[in-house]
Amino acid sequence: MYTRGLLSKTSTTALNDVSLKLDESEPTILTVAGESGSGKTTLAMLMLGFIAPSSGQILYKGQDISRLRGADRMTFRREVQAVFQDPFAVFNPFYTVDHLLTVPIQRFKLAKSKREARDKMEEALTAVGLRPEDILGRFPHQLSGGQRQRINVARALLLRPRLLIADEPVSMVDASLRANILETLRSLQKNYGVSIVYITHDLTTAYHIAKSIVVLYRGAVMEAGDVDTVIKRPQHPYTQLLIDSIPWPDLSRRWGETDIKAREAEHQEITTGCKFYPRCPFAMEKCTVAPPLFQLGTHQAASCYLQDQHPTIPSEHLWKLLPV
Amino acid sequence: MATIAFPQPEVRQPSRATLVLRYLRRNKSLSVGLLILLFLVAFTVIGLLTINPKEAYPLAVRAKQPPSVTYPFGTDFFGRNLYAAMVIGMWQTALIGVLAGGLGTLIGVVLGFTSAYFGGILDATVKGICQILTPIPIFLIQVVIAGSIDRRSVTIYTMALIVVLLAWMGPTLVIRSQVLSMKERQFVSVAKLSGVGDMGIIFGEILPNLLPFIAASFVTQVFVSVYASFYLAVVGLGPLREPLLGNIIWGAQLQGAFFNGWWWWPITPAVAMVLILGSLALVNMGLDELANPRVRRSE
Amino acid sequence: MARFKSLTLFMITALVLAACGGAPAAPANPQAGQASQSAAANTAANESPEASAAAEGDASASASPEPQPISAGPLKDVPRDRTLVLGWGITSPIGVTNPWAIPGYTHQEGNAFMWEPLSYFGIFSDKEIPWLAESMEYTKDDFTALQIKLREGAAWSDGTPVTSKDVVFTFQGQMNNEKLPYHAQFEQFVKDVKAVDEQTIDVTFKMPAPRFKFEVLTLKFDTGIPIVPAHALEKQEDVNAYAGGVEIPHSGPYNLVSWDKNQKIFDLRPDWWAVKAGVMEQPAAERIIVVNIAGQSMDTVAQRIVNNEMDSALDMRSAVIGNIISQNPKVTTHTGNEAPYGYLDWWPNSLWVNTQIEPYNQVPVRRAISLAVDRDKIDEIIYEGANISTIYPFPLYPGLQEFVDKPEVQALVEKYQPSKHDIEESARLMQEAGFTKNGDDLWEKDGQTVNATISGFEGIHSDIVPVLVEMLRQAGFDAAIDFSPSAYQNMAEGNPGLYMFGHGASLKDPYAALELYHSRHSASVGTTAGNNRFSRYANPEYDKLLDAMAPLSEDDPTFQENAVKALEIYWRDQIDIPVIQWLHRIPYNQTYWTNWPTQENVALGTNGAFWAHTGLLVVTNLKPAQ
Amino acid sequence: MSIKKVLQRLGFLLLVIWAASTITFFIPRLSSRNPIRERFAELARTGGFSPADLEIIIAAYSAKFGIDRPLLEQYASYMGSIARFDLGISLHKYPKTVWELIMEALPWTIGLLLVTTILSFVIGNLLGAVAAWPRSPGWLRAFATPFVLLQGVPPVLLGVLLLFFIGFRLKLLPLGGAYSIGRVPQWDWPSFLDLLKHQILPAVSLIFGSMGAWVLSMRGMGVTIQGEDYVNFAEHKGLSGYTIFKDYYLRNALLPQVTGFALALGTVFTSAIVAEQIFSLPGVGSVLNDAIRANDFMVIYGIVLFITITVASLMVLVELIYPLLDPRIRH
């Protein structure tokens, strides 16, 4: 059974009471969305095991990843991979770009010979639309941002992970290349059964690629559910604000023209109540107590008292709402 | 869509040597510094092959001779051939510099890496010790040490040791801060994802990137060591029999060389010292430029 | 342009510097400041720059930049041509003028101008110079009693007469105060000191003490005791802790008037007893400035003499003094303008060893080292041909020259050839002693090289020790240089190695020098050997010779006979390795002052050492050039 | 800035003092040297001690200075006296206390060092900034850059060379000393000018000797700053070169140098020791020189400690006032 749970309770403001679960048998693409500072990257770091949660645990195939040792750890390392935002920073400037591909091949013993390793690399590069002879042997600064990011994707392709954390993979790439990269990611999921956690602040790309979405604000889940439903019919004031901020290519519609007027953000730390309270135009007395998740439909939930006519759902069960 | 080829302009890859030469042409201080250093090395090497090492010590040749064809740098009061003395002195200075500099850098690299990479109490301790020792005037302590040990055991090796004893904090702090920033870089994360262990990350990923820093730090250490050993020798705390540059100046001062008109005696080692320290300073400056990514213009 | 800039820079520097550097110079009280300003204005018209500089300095009030220097109040004006400027390394604590202050007192650095003895000795005239004492006579033939008669009219600077009370106080102080340098001598010899009357003192000895009068009571070179004022020291609770300062009453002609880190200034007092008593004429030098040259390079000191900034200074290497003379014809030396430019000091230097430790306990090893020393080369290289290398442990002053000229002594020189330089013979001796040459071409036995580190003193041995080290190296001894402050400790404690040091002992006869090797001084390893007694040599045969000499005066035939035998043992056993006679090369600048004691101008017979006990005689005899 | 921060820094200061005093205490004791014996050696060497029984005198003084006691006991009493700001008594200049010796010499050293350090800091940093600033005129850069080489010239060499050429050969300036022979300095013009004349060579050698380091580090700093966005931005705003140089570039590059300034004082003291020796100036350096030569440990400890405390205190001070200079950092 392929399970993955994440549980992080209170204390850190980076991420608070977030619980997710992905099923190995049903590879999917889950979007985690939110503005900068919402805890997206922390989530990625936690899932990759780079930092340990101050409370709660991260389970991979039923095992706490912080306890993994030896071969188990290597397996976890290999099966959970990432594509990062900055296509330059991931390259060690000392080496040619080959280093990015050869090291995992070596470490995970993916090839029996140099020849085979080379073939694998070329195959992966070709698969992301690069000509190996243009790429191999170059230093990162000699390549364009798009090329570099596609090498990253090629790396993920090469390793055939079970789970891929894609942390804003296209935000620093030319618009013209985004589609290509996203398409490659999608084909990874489809053709190789890789689950993808797609972390972004860009709801449009999320809409294109993902099945389901979790909207975070300051480390707390605001709304979650089927990507279509959430984006088309957002119920949480924060989600509504986000969607309103998308510059739709519709000239008749003026940007930012909606009923919901977000208040200026006040930089006061909300420790107990709704994280969105200081900016929420509908802020109420009871919002000073953190709202639970209210289940709005089979594939939608929101953490807002405006929806308190709906039944609540424990945060551990949120994953059940997410379509695959 | 997935297989669209992105055409690449043809780029001919210049050879490494050409790149280095091209870089050196731009980095003037590095090239001038290296040139002087090279000259000094050539002088020493050629010298070592041609001189009679005995002539670097007293009673070897006619004393107090001004520079001439036979004695290009003249001879001193004690009957040293100053040319031979310069050659041996340079060699010994280089030895002290490289030994003390290398050792100091090594300590700095090891401590800096372990402390920054693993953090925790170890890091706090290393950082604390370095910070506490930093305000203490190193030279005074070196003088106290040099003055305290038995004269017979003062050799150029003990000199190097005395110098290094309190000169490892600089490189440690420099390397530590570099590792601290380096270990947050994403390629370290990627390496972890690629299954690379701690040692692999330290040596395979971080260390190569710090090479310019380590080199700069090494050059700084060599500079500091040469400087310190020179000072110790000038005040008469070195191995007095050896023709160390500082010792020669010390001897010249005691025998009233300037007053007696034996100007070549102190001037020769003084100029040599200026060349050594100056070239090291230049190289250091050049390496700074190399290590500092902002200055390193993309190629 | 760059030149202009740097000049501007210099100016700015100087200005700011002056503002800051001068700040601490605030006068202690405003009145002193005013007084000095007007005084400075008065002297501004003075033409000679040096004189005006000196005069302005003289006008200074007690205020000085350092809070600590001592001063007797505002200084009067003294022109340069009445001022004697002497260069000397002042290392003793500021303000210590009391001869009994320990540690810290030294008669050098000008304190000798304040204190006087019962008697002086003129080495080059070989004559006693009675001083506070009119006479000192042994009253018994076996040298067990001595009567001292003081001069009438001798007085302390506060007017109190110098009487037998002071002499008794001085002697008893030495007997009872174990911290004083002559305590051991007094304890060994003196039974009793009694004042017979105001002017007469009787000393009785426990044993014959034929040399006590000369060695202890007479001031010469750096030995002997001055008489101290009983009425001033009696009042002190701890005479060793009392610095003296400017207040202490003294009998010498100069008063200390100012002392800071850079200089000590002495002014002549008008009421010196010796003038009134007709012993001396009124000295011409109204002011003596002892400039601290400690830490100054020899270049600087030499140049300042050439520039007439200083009238004399110590101690010049032979090449330097030659250059001084050629650069300033007004400067002469003890030997005029001729090499070796210096006079023979009482301090011949040997390489001493601790004869109790391996391998120096073996005579052949000591002999092998002596054979490695090329004494001719030392003369040639270091002393520009002056013939000063030696084979004797004493200086060849007239009495001693007479001794070594005896045929018996010359026969011994022939027999033992102490000056021989022969590396092959040296090697043969080492091989016979069981040494073999190792890879570095050094003698080795049981994996140990011969530790031939030479301990010496940077200020005076920096020319010869490196040369000796090289000679020993060439003969296979593992030699190195040690000029660290621990050098003396090595000598005193007998640490392995060679010690370059003098024999400050014999002046008239060889007894004092030979006595240095008596087994009574042969401290066992681990205890401290006395000064000049580093060899720790013990030989009953030798002791017997010396014991027989002790009660005899030097003209006794037995004394002479035993002295020759003892000298034979000295060479036979190579107790230490004599290297050089010591020369003092002192420049005498005649621009302002003449009548310096030289070879030609023997006068009282003192040497020209202004720092030594007899320095008082040197400075008080100087005559102004104009 | 919080009280806690201040207390923390003071705690650090105490640690530095403790470390320095411990190091200076133990190192000389690792050798078998006996300072009292050596002091008497000095006296014996200059004569007058021939027949004395040294052992008795030495034992008496060893007891007095406590150096015959067990090491740890000495250490404890040493630390105790340091806590009472008592640096002990000089062996060599007995009965002077170390504190007295330092205080006598300090005005000279402060006068010389303060001025030379500030001047070398100002000139060095300006030259360094000019050398690194890409828009400074070519001739100016060409002028400024070679000063980096000065880093290779130890002040001691510079001092010796200046003395040789200006003092010996040209006879333009005095050969040494703080004032002319026979002068007892005070507050008046002749003294002042005399003093000035004597301070020029040492000051110049110290300024030029320590300037190179500033040129070099400032140049490095300047090069770093150049790439910063705010400088680029300022350029795009079309501000004048001088304004950018002064307000954006120099100011920001200078800030880290200020921290270096406090630290540099330690090095500067080192140069001063040698300079004071070469030019025979009174000052802490020459007191220390004498002490080292005479193995007067109490004075050595005292001065090392004094310098350490001074440097460390200045560092802490700079750190505490740094936020006032740099608005980006607030405690």
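Chains here go by letter, A, B, C and D, matching the order in which they are written, and residues are numbered from 1 within each.
The working rule: a contact is a pair of C-beta atoms (placed from the backbone, for glycine too) under 8 Å apart; a residue touches a chain by one contact, two chains touch by 3 or more.
Keep in mind that what you see is a predicted model, and the values were worked out from it rather than measured.
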- Message: Suppose every chain is reduced to the average of its Cα atoms; which one is closest to the average of all protein Cα atoms?
- Response: D
- Could you tell me the distance, in whole angstrom, between the mean C-alpha positions of chain A and chain B? 49
- Return the distance between the CA-based centres of chain C and chain D, expressed in whole Å. 36
- How far is the middle of chain A from the middle of chain D, if each middle is the mean of its Cα atoms, in Å? 57
- Multi-partner residues of chain C (at least 2 other chains): 297, 299, 303, 485-486
- Note on the structure: Multi-chain touching residues of chain A, meaning two or more other chains, are none
- Within chain D, the set of residues that touch 2 or more other chains is 31, 33, 163-164, 168, 277, 289, 295
- Those chain pairs meeting the touch criterion are A-B, B-C, B-D, C-D
- Item | Residues of chain C defined as touching chain D within the complex | 2, 9-10, 12-18, 20-27, 32-33, 36-37, 40, 44, 53-54, 56-58, 60-61, 63-69, 71, 75, 83, 85, 91-94, 102-104, 106-108, 178-185, 215, 221-223, 241, 243, 258, 260-263, 265, 287, 289, 291-297, 299-300, 303-304, 307, 309-310, 457, 485-489, 491-493, 504-505, 527-528, 530-532, 612
- Flag every residue of chain B that touches chain C in the complex, lowest number first. 57-59, 63-64, 77-79, 147, 151-152, 236-237, 239-241, 251, 253-261
- Note on the structure: Per the touch rule, the chain D residues reaching chain B in their complex are 12, 15-16, 19-20, 23-24, 27-28, 30-31, 33, 145, 148-149, 151-154, 156-157, 160-161, 163-164, 168, 212, 216, 219-220, 223-224, 226-227, 263, 266-267, 269-270, 273-274, 277, 288-289, 292, 295, 300, 303-304, 307-308, 311-312, 315
- Given the complex with chain B, which residues does chain C contribute to the contact? 297-299, 302-303, 317, 319-320, 323, 377, 381, 451, 453, 455, 458, 462-463, 466-467, 469-471, 473-474, 479-486, 497
- Within their complex, chain D touches chain C through residues 31, 33-34, 37-58, 60-61, 90-96, 100, 103-105, 107-108, 110-112, 114-116, 119, 123, 143, 163-164, 167-168, 171, 175-196, 199-200, 203-204, 207, 277-278, 280, 282, 286, 289-290, 293-295
